[in-house]
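Supplied in structure tokens, the structure appears directly below.
Chain lettering (A, B, C, D, E and F) follows the sequence in which the chains are written, and residue indices restart at 1 in each chain.
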Amino acid sequence: MKDFTHFNEEGRARMVDVSNKPDTTRTAVALSSITVNQDVYRQIQNNENKKGDVLGVAQVAGIMAAKKTWDIIPMCHPIPLKGIDISFRWKEAGEDHQLEITVSVKTKGSTGVEMEALTAASVTALTIYDMCKAVDKGMVIGPTQLLEKTGGVSSPDYKRLIEE
Amino acid sequence: MKDFTHFNEEGRARMVDVSNKPDTTRTAVALSSITVNQDVYRQIQNNENKKGDVLGVAQVAGIMAAKKTWDIIPMCHPIPLKGIDISFRWKEAGEDHQLEITVSVKTKGSTGVEMEALTAASVTALTIYDMCKAVDKGMVIGPTQLLEKTGGVSSPDYKRLIEE
Amino acid sequence: MKDFTHFNEEGRARMVDVSNKPDTTRTAVALSSITVNQDVYRQIQNNENKKGDVLGVAQVAGIMAAKKTWDIIPMCHPIPLKGIDISFRWKEAGEDHQLEITVSVKTKGSTGVEMEALTAASVTALTIYDMCKAVDKGMVIGPTQLLEKTGGVSSPDYKRLIEE
Amino acid sequence: MKDFTHFNEEGRARMVDVSNKPDTTRTAVALSSITVNQDVYRQIQNNENKKGDVLGVAQVAGIMAAKKTWDIIPMCHPIPLKGIDISFRWKEAGEDHQLEITVSVKTKGSTGVEMEALTAASVTALTIYDMCKAVDKGMVIGPTQLLEKTGGVSSPDYKRLIEE
Amino acid sequence: MKDFTHFNEEGRARMVDVSNKPDTTRTAVALSSITVNQDVYRQIQNNENKKGDVLGVAQVAGIMAAKKTWDIIPMCHPIPLKGIDISFRWKEAGEDHQLEITVSVKTKGSTGVEMEALTAASVTALTIYDMCKAVDKGMVIGPTQLLEKTGGVSSPDYKRLIEE
Amino acid sequence: MKDFTHFNEEGRARMVDVSNKPDTTRTAVALSSITVNQDVYRQIQNNENKKGDVLGVAQVAGIMAAKKTWDIIPMCHPIPLKGIDISFRWKEAGEDHQLEITVSVKTKGSTGVEMEALTAASVTALTIYDMCKAVDKGMVIGPTQLLEKTGGVSSPDYKRLIEE
């Protein structure tokens, strides 16, 4: 596909050729969060939300979103995901509560799965916002970031330093 | 990814890690049915439905549904389907007629294709219901079940005993 | 669109013209079920399935499927759903257990929502099958049928007689 | 559909009934951001990214994501969007550069469009991450939040106070 | 939404605001074609294609594509289609045969359905190509064009002059 | 799967079994075009279209469509695309201007990517039509055709002779 390049000299969009990259096991871990007030926190913890079990629904949404990342992010390659896991941890944030969302994705393919992990983390947070917005619209999502990535062949592994 | 498990100790949803499973040829066969009255039966057989060739449209719907099973069933792994085939057989059922729907799916991948076959069988039956419901809303779909499955590495082949 | 008809004299598929039908409030209720053995029953009830909370995930799957019915059933009109609710009830079935799945759908539109209710009920059952199939592949889905429908303008309301 | 409630007494998921809400003109504005280092900033501004015009592609991704919000967020009602607009503004952030992403969405429908605006803002940022991650994986997305919302009938308009 | 404009002064993409346009009945008719050689023609007419009834499958594909036009064409508004009809007519074309594909779409909405008709016509032709390409890869699709459009409020009706 | 055939003796649709075909590197190049009048040409070239950068948006649309070809073309196998590139070239066409659209697609899989290239080329042209139709509805798309294909195992490479 070395002739591919000159076709697109206008500098516009392309899904870059990865056919030379071998299939390897790759993982990525992304982190997002949502900061909520006391009322939302209590509703989630007591499972009193009238739309359902907030964290349970959000987890399903995140997993399904990871699988369609290729259809949401235009230049992202379709890749067969082998495992997705989403976990939660509450932290205090002044008078509010911050829910940390950690997403791990695993594949055996020719590109990394950073986007799948980041997309799943974002959609998990968005789903929590959706289910709780009748109580408070002031919830804040993120920051959202890549924590770690392993298994690429051309680019080295990545690990973010997070201070607690 | 051996740390995957403890992330999700809350007992909520996960798409389990199958990255250790090798790609093998796998098949699954599912069976569903729809029971219709005389009027519907005649309309289908005489190709007099105003929405089109009922069984032809249903077959296309079933095949397309098999391909998007991963987007319909939340914890289902995406898997590259290699072949899908749907066949029909009429049986008498008292004063009614029962259309048996058999779906065979084949892949070369790391998980089985039971869900693809079962989803295709269900959608084939639902499409027939949709096209004929102006005549009779009393049609009954199913039972829907797995007939047979081959090719897994950890779980044995499966074959249901059906008495005619 | 009275000229529409002659275009398609070959008897092939069409999505019939409903532009003359007014938007009215419409509801539909569909019933499906899944029959499972003791092991699966216990796993669901004790929330011990390693893929997650079985009924919770299945409910999310059913709701999301209802919303994309128009993309799954070829001749089905797209219609803005206003409410979806899915409930469960266990019944004994000899040595097995049968989980009844009831789906209610509501819209304000120009066609009925029978297909949305039936599709959601089927996908809810399929998701339960998917999450429990590692324990037993013999589970049986359905029969799946329409229980009731209200609000059409040309066709009368419908109510199925079910004997318990 | 007043019987809807008792069906779902298990406290699981539901898409709540909004059939009583009238169609009104509604708007929502959401804000997200992505913080990038000097190299990424220069590549975007000089249009030197090998995958294409970063902000142009991200805008298309955000608009398309807004339209499928109902398919990404499980309990979100499908709603016919009437207008979507996405704008960018660069701000300095220490040694880095922060790109502010503002998304405005408009509809005429029975529910608000907060989720559509928030989803579009998130996907716009995710797309920028995807296109630039070969240069730096340390980019940070968000915080993502609702800026303003108008046009509901039961809930009042909302406006967030942002200090510059 | 008069403030919408200045947000996007960079000249990038937007889905333009149509919230002021009333819902009216609108129709569009599009024309495409596929030119095939004798072998393909015979296979279609004698229903000997091993993938199925070529024109029947193509019609289903076209109808389903019309419904997801908003998800394929980035700046296209989602709109509730009320009727879709696809018809075929064979014409001789030298030694080859040309199949004319005519698609009529109807809606009651705030934008026209030209794109839905043109997309359906294109996908119908592409599906025929797919099913017959094992016989001949030289088939030519199109030209594809709008034949007629009615029902807009700001733009006049349109009718193309076609010489036979 | 040799028993597959007799299941479907009715001559209806099937997705043919390709599980015996090895994964090889495959490419396809497709050509489409859109012919526009002076006003549309000027608007595109001067980037004065109020919906955005016409060719940039169209390129994104084409790439995203290539990735979902399996969901648009019923009997098409899902296949992991490895690279997509779309380029443009203007030609004079009497008083009008013709924009040539060339799409190259690459995969490593068991079926060819002709349909992905042809679908992307069609959607690129359709998107340009959509963005410019407010100026002129008389634009003509295509002819659309396969230019070249390499890498199959059972069928030979293909190259169309085009006279300039």
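Following the convention adopted for this analysis, contacts are C-beta pairs under 8 Å (C-beta built on N, C-alpha and C of every residue); 3 or more make two chains touch, one makes a residue touch a chain.
Quick caveat, the model's predicted, so the values are computed rather than measured.
Hopping across touching chains, the smallest step count from chain B to chain D is 2. Path length between chain A and chain D in the chain contact graph, taken as the least number of steps between touching chains: 1. Chain centres here are C-alpha means, and the one lying farthest from chain B is D.
With chains reduced to the mean position of their C-alpha atoms, the one farthest from chain E is A.
Set against one another, A-C and A-B show the most C-beta pairs in contact at A-B.
Look at where the CA atoms of chain C average out and do the same for chain E: the two points lie 31 Å apart.
Along chain B, residues 12-16, 52-53, 56-57, 59-61, 64, 68, 74-75, 80 each make contact with two or more other chains.
Two chains count as a pair here when they touch; such pairs are A-B, A-C, A-D, A-F, B-C, B-E, B-F, C-D, C-E, D-E, D-F, E-F. Of all the residues in chain E, the ones that touch chain F in their complex are 11-16, 32, 47, 50-53, 56-57, 60-61, 64-65, 68, 72-76, 114-115, 118-119, 122-123, 125-127, 129-131, 133-134, 137-146, 149, 155, 158, 160.
The residues of chain A lying in touch with chain B in their complex are 25, 27, 55-56, 59-60, 63-64, 66-68, 80-88, 102, 104, 106-108.
For chain F in complex with chain B, the residues that touch the partner chain are 1, 4, 7-10, 12-19, 70-71, 74-75, 77-80, 109-110. The touching residues of chain E, counted against chain B in their complex, run 52-53, 56-57, 59-61, 64.
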